[in-house]
Structures are given as structure tokens and as C-alpha cells.
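For reference, chains read A, B, C and D in written order, and residue numbers begin at 1 within each chain.
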Amino acid sequence: MVELQNPFKKITSLDVALEQLHDGMTIMFGGFGGVGSPPTLIEGMIAKNLTDLTLIGNDTGFPQIGIGKIVSQGRVRKIIASHIGSNPIAGRLMNEGRLEVEFSPQGTLVERIRAGGMGLGAILSDVGIDNEIVSAGKKRIELNGRTYLVEPALTAQVSIVYAKKADPYGNLIYDKSARNTNPLVAMAGNFTIAEVEEIVPLGSLSPEEIVTPGVFVDMIILSSGVNWKWAWE
Amino acid sequence: MGLNLDVRNKMAKRAAEEITDGMVVNLGIGIPSLVPNHLPETMTVMFHAENGILGMGPSPATGKEDGNLCNAGGFPVTVVPGASYFDSVTAFGMIRRGKIDVSILGSLQVSSTGDLANWIIPGKKVPGMGGAMELASKANKLIVLMNHTDKTGRPKILEKCTLPLTAKKCVDLIITELAVFEIVNEKLMLIQHFHTTTVDEIISKTACDILIAENLKVIDF
Amino acid sequence: MVELQNPFKKITSLDVALEQLHDGMTIMFGGFGGVGSPPTLIEGMIAKNLTDLTLIGNDTGFPQIGIGKIVSQGRVRKIIASHIGSNPIAGRLMNEGRLEVEFSPQGTLVERIRAGGMGLGAILSDVGIDNEIVSAGKKRIELNGRTYLVEPALTAQVSIVYAKKADPYGNLIYDKSARNTNPLVAMAGNFTIAEVEEIVPLGSLSPEEIVTPGVFVDMIILSSGVNWKWAWE
Amino acid sequence: MGLNLDVRNKMAKRAAEEITDGMVVNLGIGIPSLVPNHLPETMTVMFHAENGILGMGPSPATGKEDGNLCNAGGFPVTVVPGASYFDSVTAFGMIRRGKIDVSILGSLQVSSTGDLANWIIPGKKVPGMGGAMELASKANKLIVLMNHTDKTGRPKILEKCTLPLTAKKCVDLIITELAVFEIVNEKLMLIQHFHTTTVDEIISKTACDILIAENLKVIDF
């Protein structure tokens, strides 16, 4: 095995990465229905017994898939997501008052995450403006004769993402539809940990193909691979 | 009261007639996912997925699935020539910018003015809206494919939805196992029905006034 | 030469593309200091004698480079841009009252263009909030104890962009720093014309490498190549 | 009253001392563009360009220029291993999100409290702000590299800027052909000066109060 150079000191072990995560934190995760969620970090978070978390991400996965594994164990105080339908345990915890769920329309949610990553304060959208749950507590603005909701940017103390390849600077490329929310989540973390299938030498990714520039990535760990069975299997 | 596959396929076949060459189409889970089976093979349609794919192809053969290539429902797909992958924020940009020609969704209820209620049953099922609000309010044509009545036989097409709305005045076409309705200028019009039913049955199972098209057609498949 | 299939009927000639452009229109252009601006479309617009245009783009190029060629000829009534410093003719026309210039900070401008392309109403940013020119006429919003400007989305009747390759669906890839504002401008046009160096068969671009999905592109023409001398030449 | 290359290079050399291994740095046009020449070759610095490059390398050899690979000033560049291309919106996202460790800009005026005025001379020069407002207000450290006085000999470091501001209280360090000032808590402090000048000369050419550092150093290159 070729020893990888680590000039930016971003490549590290799961254990060192987990030192960044603590009880009560706000953590943003990449993935869509579990696809593209970082399995090794999720397993590590469970092993570390993290609790009282606030999570931000597209959905609650399935009970034994993706972030669902953490949600199902009651380790989450609150989640901001667009749906929880594929994880009945999340629905039960919510109905029992043990899990607070803030619903955001999917496209609005990812724009809010992106806005956080891009250093903006909010975006204006008219999606869900007639909906009392979506619009609750949100400011409204008239602009050119139309009314919009002010949808505040979202950031997190730590973001965890899953990618196909990283170089030592943290430049990331993704695999097919496992890209989904990962590039947005990667930007929105105040500290971002990327779990990747492969770490390649600096210069071996083309500058054209890089999806997430490494400046948004603080730490890189190698993935042990997906350790759950997909719903369709 | 699930519909059998034959009936669901007939609904999907009818929905497929709304799709023409070159369109960008988003399909919800359930019956809408059957629609591609009823399109001519020569037709070029770009299927869109909210997670970040444009240009989905048929389901892969068993054993050929790729866990990193799934649609928004989490099921394995393939891609056609000309397909692209992108992040979810771009996928929703396409929806909000009006690039989706046809969106075909399931629903819990639809009102006679085209209101859609398909994201929550308070106190019971709380799936969340996912991408339904964007699709409902921004797709150029919104088609609802659903059972005519709910499990207990109650009409799902109503004067006014009793469940929380996903979006107002957004539905253009309703296709059920009984009939096809167009909603134009907030008026519900019966334009076609399957040969297995009658106008009287449709009226009795629909909880609002219905206009009947002058050239009402019977679907013979 | 292999005859290219044109199943989406997007591939056409310069002449047909120019039929989309008329006097008095609002046109958005890709490019940054002329790099990545579409030379053949610009030449065609001049040959067509277009006038009274409203332009939206990063800058006014140089007098004989990029969009600067059109600006220098007095064909533009108004431009929304972040700077005009590299084109002294633009500055002179402005000081003479013959060219209205709306300045937007560069990062705000591209976010406004992107917001238009993504179907949003506006973005909230605090950049330039102390600046009377930037903040003039814009709403302010308090959010989480900070004040932001409401920066309205920008769209255009037609967008013109420059890319390295297109396939017949209009999927685009760009070349190095000539990418710049092009992917954003491509999305923000109500009708988007892509001038490209090469048209390749459907399926020959990898779905991973596509930067602008073809759904944002309405027309594709082949470029005759850059026909100006760069400032450094 | 342009400065000769030797003087400009000394200013750039002093600015280079502010850069450490692994930093992300954005350089403005003019004197700031000379800074990379003064960094050790072994140092890994990622140079950022607003048009959409992270990881710019040295200028290409004559004849090796690529019209599609230029910095934000329009001049040909190269890239280093680990570089990436992206759109301008992402380039500014990096700036707004605080990912730029050091930004080095020229300026027309700087106030003693760190206000920057470098984008417009009303009625005369109207270049526009470009990306200067983002860089000025969001870079973690903002260094101004400029002539100490303007063409007519008037001070460019003032109690209060007379030109329209680019951003308020944003400048951390000023380097001129005479001296280096730190601005901390809205106070201007002379921390170093070149060996070619004196404190008296600096005071006479600066139009505001100056604190003098206890350990004031003389730059001996």
C-alpha cells in the first residue's frame, strides 16, 4: 500500500473524527433515504452513545438504514427534515412527544442548507406559503407584487457527508445519485467530516470533475462501506 | 381496498397518454411508477428524480442493482443516454423554474377546485411533504393518480379537502380506477370513464358537483 | 463528418438562434472579463444591429473583448453588473448619461442570477448593507439579530452562454475558468442559447461530469471560436 | 507617482510574511499579485480566484497561456495539484462563508478605524466594486497594500475616508512603501517601517492619529 501524503493534515481515523462529535450537538448529515449517508460515521456515533442530538437532513432514512439507525434509538431530540415516512419509528417517537420534527419542503430545505453553506442569511420562496405548518413563524415579504416566505439559512456545528473519492485537500467527488444532498451539507457545516470510499493522491482528481472543493472539508476518513441492507434487497 | 395490478396498470396506461415526446416527467411512488411501462419504446422522455437525476431508465435486472443509483423513493434505477446527476438543490431548481412538464402523484384527497392534500393525516400518518409541495405548485401539469374512494369507501374527491393541503388549485387532471376528470378554471369536469363503470356510479362516489363533458368518452381498455 | 442526431431539435444555426433576440430585450450573458463569453452570438448580435438592450452579467468586458464589443457600440440602455472598470468606454457612456449601470457586488449578483434560475424570489445577504448605492431601494430584514438586504432574483428573456461541449439534449460542460458565471446564467434565462465549441453525440458525456443539465438549455449552436485578442496578448 | 518594481516587491515581500502553510489566499490585482514570488517554494498555499478557481499556480510561460484559464483580473494562470474549478457563485460562497484566510487588496483610502474605500471616485473613476465588498467584509484577515499617498501627495490613510466606502472596519493590516500598520479595536498602530524612512516622515504623510508600537521594528530589506 502506498503511504498517502497528508500535507493538509485532514486525513485521520474514525476515532479522531468522533472526537468532534458530542451530546447535544447540531449535526447535519448527507443522504436521501439512506443513499449517500456515511455508514461508518453513523456506526461510530452509535458506538459513542451520542444522545440529545439535533439533526438536519433530508429525511429520517429507514429504521435500520442511514441516519434512521440513530433516530430509531431515540438519540435525537429534534430533526429538521422534509419527511419521515420511510421510518415508522420516527413517526412513533414524534407522536409520543419524544422527537421534535420541523418539516421543511424538500426543495426549500436543501436551499436553506445551501444558503448556510454559502454564507447567506436566507432565501425567499413561495413554496408552502399557503401551508400553516411550513409558514408558521416565518416572515413574509412582498416583492414585485408577489408574496414570499423568508426561509432562514441552516448551518450545523458539524456536517457529516459520504463521498466516493477524496484527495488529501478534501476535494470530493460523489457516486451517481449518492451525490444528492451531500455537496450542500458539506458546505453548511462549521466543521465538515467526509467519509469516503477511497482517498487518492493530490492531483489525481481533475479540477473539472471536483464537485466539493476541499476548502469546505476539514477532516477525511476512510469508509468501511455500507453496512445495512437496502429496503429493496 | 388496494386495487389489483390490472386496474392499476389501466390507470397508468391512461396517464401515459398525457406524455408526449421530449417531455420532462416526474413520477411519484406507487401507481405513477407504472406509467413508463405504457410509453412507446421510441418515445424520448426524460424522467426526473428529486434526489438528483434527470434521464432515468427502466429498473435494473435483479442482481444488477446499484445502491448508489436510486430514485427518490429509494428504488434502484438505470439511466438513459443524455442523463445527468446533480445535487438535490438543482433537482428542485428544475421543479421551481417550471422545467417539469408533467408530474404524476398519488393523493389522499383532491378538491373540485384542484386543491391537493397528500402529505399528512393529523394524529395518524405523518410522512412529511417531501418534495410534493414543490411538484404540486410548480409542475406545468399535475396529474393525480389515486383510488376513487378511501379504504372505508369514502370519496377522495371533495368539495373541499378535510386534510391539510399540500398546495391549492394545482391539480389539472385526476385519474381514478373509475374515471378521468379535468380541472379547468377551478371546475371539475368528467371527461372520460372506464367501460367498467357508469356515470351514476361515479357521481355517487364523488363528494362534489361534477360537470360532464359534452364529448364524454368511454375508455375501452 | 458524422451527421449528428437532433432528437430534441435544440441544435440549430446562428441565424435561427438570432431570431430569438430583439431590440429592447433583457439579455443575460455568461463570462467574466470576456473569458467564457460567447463570441459568435455576440458577433451575430452586432451584425443584427440589436439596440436598446438591457444586459445582465458580471462586467462589461474590455472595449473589444466579450460583451464589451456590444457595450462599446452604444447598443445597451442599461446593464446590471459588478464592475465596468476594464471597459473605459462603458464608463464614459455612463458618465455621459447614455448607459445606465446598476452595480451589484459580484457575489451578490451571481447569487441573484442563480436565484432566478432556481425559481426563488430573492436571497438575503449582508454584503454592502452599509453602502448607499448597493442598498438603495432594497428592503431590509432582521433575522436572528442580524440585518440583511433583500436581493431580488434576476432572470432574463434570453440567456447566452459559452461552453466547451454540448450533447443534443443541451447538457453542457465548460472549460477551466471559462465556466465562471455560465452555469448560473444558463439557468436564469427564460430561453437559453448555448454556443459551444463542440457538439457530441447523446450519451458521450458522463452523467457525472455534466455541469449544466440540458433541461436548462433551449438551443445549441456551434461556435466559430474566440475572435478577439486577449488583453494580455 | 507609481512605485518602482523594487519598492513594490519589498511591499509584496512584507505581505508574504503574513501567509503561513495551508492558507487560502485571495490576491487583488496590482502589487498584491507580486506576493506569491516571495513565498517559499515548499509552502502549500491555495490561491483563490473569484471567477472560480482554487489552487492557482504561477503564471504560464509566454506562449503557454490558455485563454480559458485566467484569474479574476483576466490574466493567464496555471493550477497546482489539488486545484478545482467551479462557478463564480461557489467562489463567492467560499468568501462569504469565511474560508478565505487572507485577502490582499489595493485601496484608494483606508481610515484609522479600518474602513476601506476602493471602489469608486464619484464623477471620475467608476470601476464598480467587483468582488471587493465580499472580500473586504468576509475575509478572515484583510491586508491593504497601497501607496502611502496619492498621485498628488495627499495621505491615503485618514481619520475618515472621503470616498464612498467599500466596507466598514474591515482592514486588519496596511502595508505601504513606508510602513506597516495594524488596526486593532479600531485603532491604527504603526508596528514596522522600512529602513528608508523615519517615524516623523510617516506621521507627516498620514492624516490621522497613530499609535506607535512599543516594539516598533525596522524592516531591513
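Simple rule for what comes next: a residue touches a chain if its C-beta (ideal position, glycine included) is under 8 Å from a C-beta of that chain, and two chains touch if they have at least 3 such contacts.
None of these values were measured; they are calculated from a predicted model.
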Common touching chains of subunit D and subunit C: A
Labels of chains that are neighbours to subunit A and to subunit D: C
Farthest-lying chain, centroid of Cα atoms versus that of subunit A: D
Of B-C and A-B, pair with higher C-beta contact tally: A-B
Subunit B and subunit D, separation of their C-alpha mean positions in angstrom: 57
Centroid distance [mean C-alpha coordinates] between subunit B and subunit A, Å: 29
Chain centre separation (subunit B, subunit C; CA means) in Å: 36
Rounded Å distance, subunit A centre to subunit C centre (Cα mean): 32
In subunit C, residues with contacts to at least two other chains: 111, 118-120, 125-126, 174, 176, 207-208
Overlap residues in subunit D, where contacts from two or more other chains coincide: 53, 85-86, 89, 92-93, 95-96, 138
Complex contact set, residues of subunit B against subunit C: 22, 24, 44, 46, 48, 53-55, 79, 81-86, 89-90, 92-99, 138
Touch list for subunit C against partner subunit B, complex: 7-9, 117-120, 167-169, 171, 187, 202-203, 205, 207-208, 210, 213-216
Sites on subunit D touched by subunit C in the complex: 49-53, 65-77, 85-89, 91-93, 95-96, 120, 123, 125-134, 137-138, 164-168
Contact footprint of subunit C on subunit A as seen in their complex: 111, 115, 118-126, 139, 141, 143-144, 146, 148, 150, 152-153, 173, 176, 207-209
Interfacial residue positions of subunit C with respect to subunit D in the complex: 32-36, 58-59, 62, 81-86, 91, 94-95, 101, 103, 105-108, 110-111, 113-114, 125-128, 130-134, 174-184, 211, 226, 230-233
